[in-house]
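Below: a set of structures, written as structure tokens.
Two complexes follow with chain A in common, the first pairing it with chain B and the second with chain C.
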Partner chain A sequence: MKSQSIGQLALAAAAVAYLLSVYFASSPVWMGFTINALIIAVVAMSWNITGGFGGLSSFGHAALYGTGAYASAILQVKYGVNALVGFAAGILAGAAMGAFIGALAFRYGLRGSYFALVTLAFAEVLRICASSFEFTGGGSGLQLKLAPGLANLQFADRTVVYTALLIVVAVVMILTALIKYSRFGAYLIAVRENEDAARALGIDTYRIKVQAMAISGAFGGLAGVLYLQLWLFIDSTVVYGSAVSVEALIGPIIGGAGTVWGPLLGTLGLHLLGEGAKHLLPNAPGLNFVLYAVVLICALRFLPQGLVGLAGKFGAFTKKQEADDA
Partner chain B sequence: MLEVRNLSKSFGGLKAVTDASLDVPEGSIVGLLGPNGAGKTTCFTMIAGFTKADEGTVRFKGQDITGLPPHRICALGMIRTFQIVQPFAGLTVQENIAVGAYLHHHKRQEAMTVARDVGKRLGMGAMLDRPASSLTIAGRKRLELARALATGAKLLLLDEVMAGLIPSEITEIVGIIRKIRDEGHTFLMIEHVMQAVMSLAETAYVLNQGKMIAHGPPRELVRDPSVVEAYLGHGAAARLQEESHA
Partner chain C sequence: MSSLIFPAVLSGLMMGAVYALVALGLTLIYGVLHIINFAHGSLLMLALYAVYFLWYHLGIDPYLAIPIVLPAFFALGYALQRGLIAPMSSGSEQNVLLITLAVSMIIDNLALYFWTSNTRTADIAYAYDTVEILGAYLPLGRVIAFCAAIAVAPLLWCFMAYTKTGSAIRAVAIEKRGAELVGIDVNHTYAICFGIGTACVALAACLLLPTFYITPQVGYTFVLVAFTTVVLGGMGSLPGALIAGLLLGVIESLCGLFLGESLGQIGIFLAFILILLFKPSGLLGRAR
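Presenting the complex of A and B:
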């Protein structure tokens, strides 16, 4: 197991301190902003499973996010299904969509930019379908009935929403850590590093990749459902739009792809930066996206391992202890 | 242990391998020799399931494995290594070996224990916690071997495991391979380093332009005129003969 460095611990501590400080800031704007960032962070963690550990860079994670949101919304609005069931169905639908895209793309051996393009195409096709069909609400989208209560997964109190989100984020991160240090995680990393060598070592790489897409789809679907339960409204652009896909990959890349903390750190950092830019230059809407682009380019050029990799260079613990144990 | 019969493969109009047959008895070390481009690696990729043979059969432990995908073949106990070694960067040496060990040990702790044992057996005990990307060429070749062993495979197909090593490193790895063989493993190895082939292999096959041109003990093969000509060109055997008589 790789040991953490002091720099990485400090970075994680800073993120936790920030997330806790939101409780005491008593600023609804700040809390609303952080809630949004956390939902995106879950999409980022979804991307991190395939893109980070598996090296399967998707450019269409909106397909998973939107499918989760739509599955739950359709069940609730059209069939009157309970929100909790919708929640589970959204996760499953995301996983199924992930597995389907993966099975199809990997069946034909797509990798790298070809895989990215196919995922983008899937997301766009789904977006157009969702805006055209009647059962998805067409261009006007789907609206959940406002009915606060635990059974409906709707909470009037923002603090409760925030706490629930923090728990979800923590659970997803714990699952990510479990995956990372499991047989599946090792196989996924092996596939990323050298697929032929992985096959030679007895790994069914096709199966591993499809499984990774399914897990990523479950996380992505989860994020979509969270968005739906928070805003009670979705339409095709909001959940299937390419902005979601971009946000899904930019956070992990800047934070550190293939790490447990990277997606959260990257997403929080970026959103803080974007929010700061909005306040500094209120007359330039969309400036945050320009800023994202600049930060992304810099990260790709100077921080191949993202913030986590950078922080890892500071105060690395020596491995002496472990060597003595062995 | 391994029986290859009449294996053929062409890429477009190019016949890479024609009618190649070979046998690897259990517990032996068999060499596969031949000049560059002779089709040795293509043979390996077909035997290990990476490319489909146009014709021919491969039997392993009596079972027909022709056309099985590599991961199934590996699970049966036969594994190939690669000429160009590429450790899984971003993982430590021990974690790299564990990727192989996971095949039959699903728990991380078990796999890591197996990985440490295999690593130590190959003299990599001091490197286990180092990132795999920091290894030298010799270290990487050893890692390749360790990863393959950790899968529990009994038959190892080694593709130029000595290439790029200095003589002292070759001596070390020759010793390691002999030790592994004595522990009950079987080897089929592509090798250009004749020093290694001579001291390790009991028999060797020589491939030239996709065809098996000779087979026998390596010491006899180096005197075989068809083998000499494969390496040095037409008429070379006769000229050498004359020179040695003169």
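Presenting the complex of A and C:
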């Protein structure tokens, strides 16, 4: 964290201030809204590992999210397994799915459009399977029994849910920072910048990329489990639908791909924008996605490093540090 | 059962030809710009609505709408690439991919807003007249679509092989910098390509309307199959897209017959994963 600018610190402080202000707003609507945004932020952080650091843009992160949610739900509903075990199993299932997709896709060095298509196809196959088979609840989805209590990871009090989510988000961000500044993170960034050069330097790029997909899968599975424990209900469209995949990639790109704060900032910013637009635009489902798309196009053109990159231009501590950040 | 297989294969081929037509546009754009156009399905949906409204409000027959819709969508594709995708992407392939995704989100959700999610169908009198082919009865609309789609592939191939614009497109596809140096307007060529790709979709819409339904999500069902077609055929290969489209139509039809209607598309995606496992360069693609 040695190379932050004043602008970036201010941006991070604003996000923290917003998240803390939710405690004092005593508005269940705001809290519910922020809880949803935070779950999406975790998927965004999952996408950020591969898409941001590794430069591998996935268009099907719903595959990881949904697998985590379904693994936990099936264990709990069909086998009566404890929610805590289901929680861990969801994360592991997400990681396994990530590693599997990665191993398959990277075996032939697929990237760019190819990788985008493969991930999209996997999410779609899983969605159709989940809506067709009996053990996934078919079209009617899976419903957890309502049983509030720590052992079941269900909390009646929304403030407790919110606090738990904040802790999870903080842990994922700390892990992201550890990855970014680790040797592994440096390898992954090298793969993004120039894969051939990275391989020439002796980096096992295949292994690095599959590992990145596994970590991304673990985070994605985690987000899916969080969704399940919050709503106690999932079906194939909700967790494997393309809306999840789209939200996973838009947040980090707008916030700043390959940064620790980018996914959180981008997702929060977008959701706040979408919520604000609800009061200005006619209330119709989907119009917020039109807005997201317009913001995405503008961000690609005018904010190549996202919000974090933009903030980095304000009050950099020294010239050299600014160069480090970019 | 065996008496059902032959008609299923035939009707699969009919549908497959339309998949091929949609995929031809996609593979052409991929071959030159090296990106998958994620807005392809949305443009198909838009074209279907255009043809539908021409029929509904002005009484123009879908087949007679071809000379109106085709140039209009060529212009739309050209403008989209020249006016939005090229200037906003700053030359990065990944950005182009993301912008096409954003364009599809805009088109899909605006369609949902303006036209609601109601399913519409055009009740055209002759659409379900049947034609007997080798003992199988097929809807006339599908047979016409099949013939037209099959005819387009060689036309497109000849265009690429024998015209000046076609040569320019191939030159840009192979070596962008070199093409620029010999005086080819690369941005114009990219936009032409995008225009032709979009025109393919418009033609597919005219052929589909008589025998298909329209919703704002209809593009999605087609585009995933088209992606698979492009990969199976070999990214950028026109003959590959044709063969792969027909093959996938048959696979879908047979899976629907044996596994049940809702699992018909599973066969397509399984085929997709198997290709990736064993031959990611596709049937007719160059080794990567």
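Heads up, the rule we're going with is that the second predicted complex is superposed on the first by the 314 of 326 C-alpha atoms of A that agree within 3 Å, B and C clash if a C-alpha of one lies under 4 Å from a C-alpha of the other, contacts with A are read in each partner's own complex, and residues count from 1 in each chain.
We adopt the following convention: a residue touches a chain if its C-beta (ideal position, glycine included) is under 8 Å from a C-beta of that chain, and two chains touch if they have at least 3 such contacts.
Here the structure is a predicted model, which means the values were calculated and not measured.
With chain A as the common reference, the superposed partners chain B and chain C fit together side by side. Applying the stated contact rule after C-alpha superposition, one finds that A:301 touches chain C and leaves chain B untouched. When both complexes are overlaid on chain A, the residue A:286 reaches chain C alone and has no touch with chain B. Counting residues of chain A touched by each partner, chain B versus chain C, the larger count belongs to C.
By the document's definition of touching, of the two partners only chain B reaches A:201; chain C does not. In the overlay built on the shared chain, the residue A:190 is in contact with chain B alone; chain C does not reach it. Within the superposed three-chain model, A:132 lies in touch with chain C and out of touch with chain B [touch as defined at top]. Contacts of A:118 after superposition on the shared chain: chain C is touched, whereas chain B is not. In the overlay built on the shared chain, the residue A:14 is in contact with neither chain B nor chain C.
Put simply, the three-chain overlay gives an angle of 80° at chain A, taking C-alpha centres for chain B and chain C and rounding to the nearest 10. Closest contact between chain B and chain C, by C-alpha atoms in the overlaid model: 12 Å.
Overlap of the chain B and chain C contact sets on chain A: empty, with no shared residue. Interface of chain C with chain A (complex): residues 30, 34-36, 38, 84, 87-90, 93-95, 97-99, 101-103, 105-106, 108-110, 112-113, 220, 224, 227-228, 231, 235, 262-263, 265-266, 269-270, 272-273, 276-277, 280, 288. Chain A meets chain B in the complex at residues 2, 181-183, 186-187, 189-190, 193-194, 196-205, 258, 319, 322-323, 326. Across the complex, chain C is touched by residues 55, 57, 59, 104-105, 108-110, 112-114, 116-118, 120-122, 124-125, 128-129, 131-132, 242, 246, 249, 253, 282, 284-287, 289-290, 292-294, 296-297, 300-301, 304 of chain A.
Those residues of chain B lying in contact with chain A across their complex are 48, 50, 69-71, 74-75, 79-82, 86-92, 95, 98-100, 102-103, 106-108, 111, 116, 125, 128-129, 147-148, 151.
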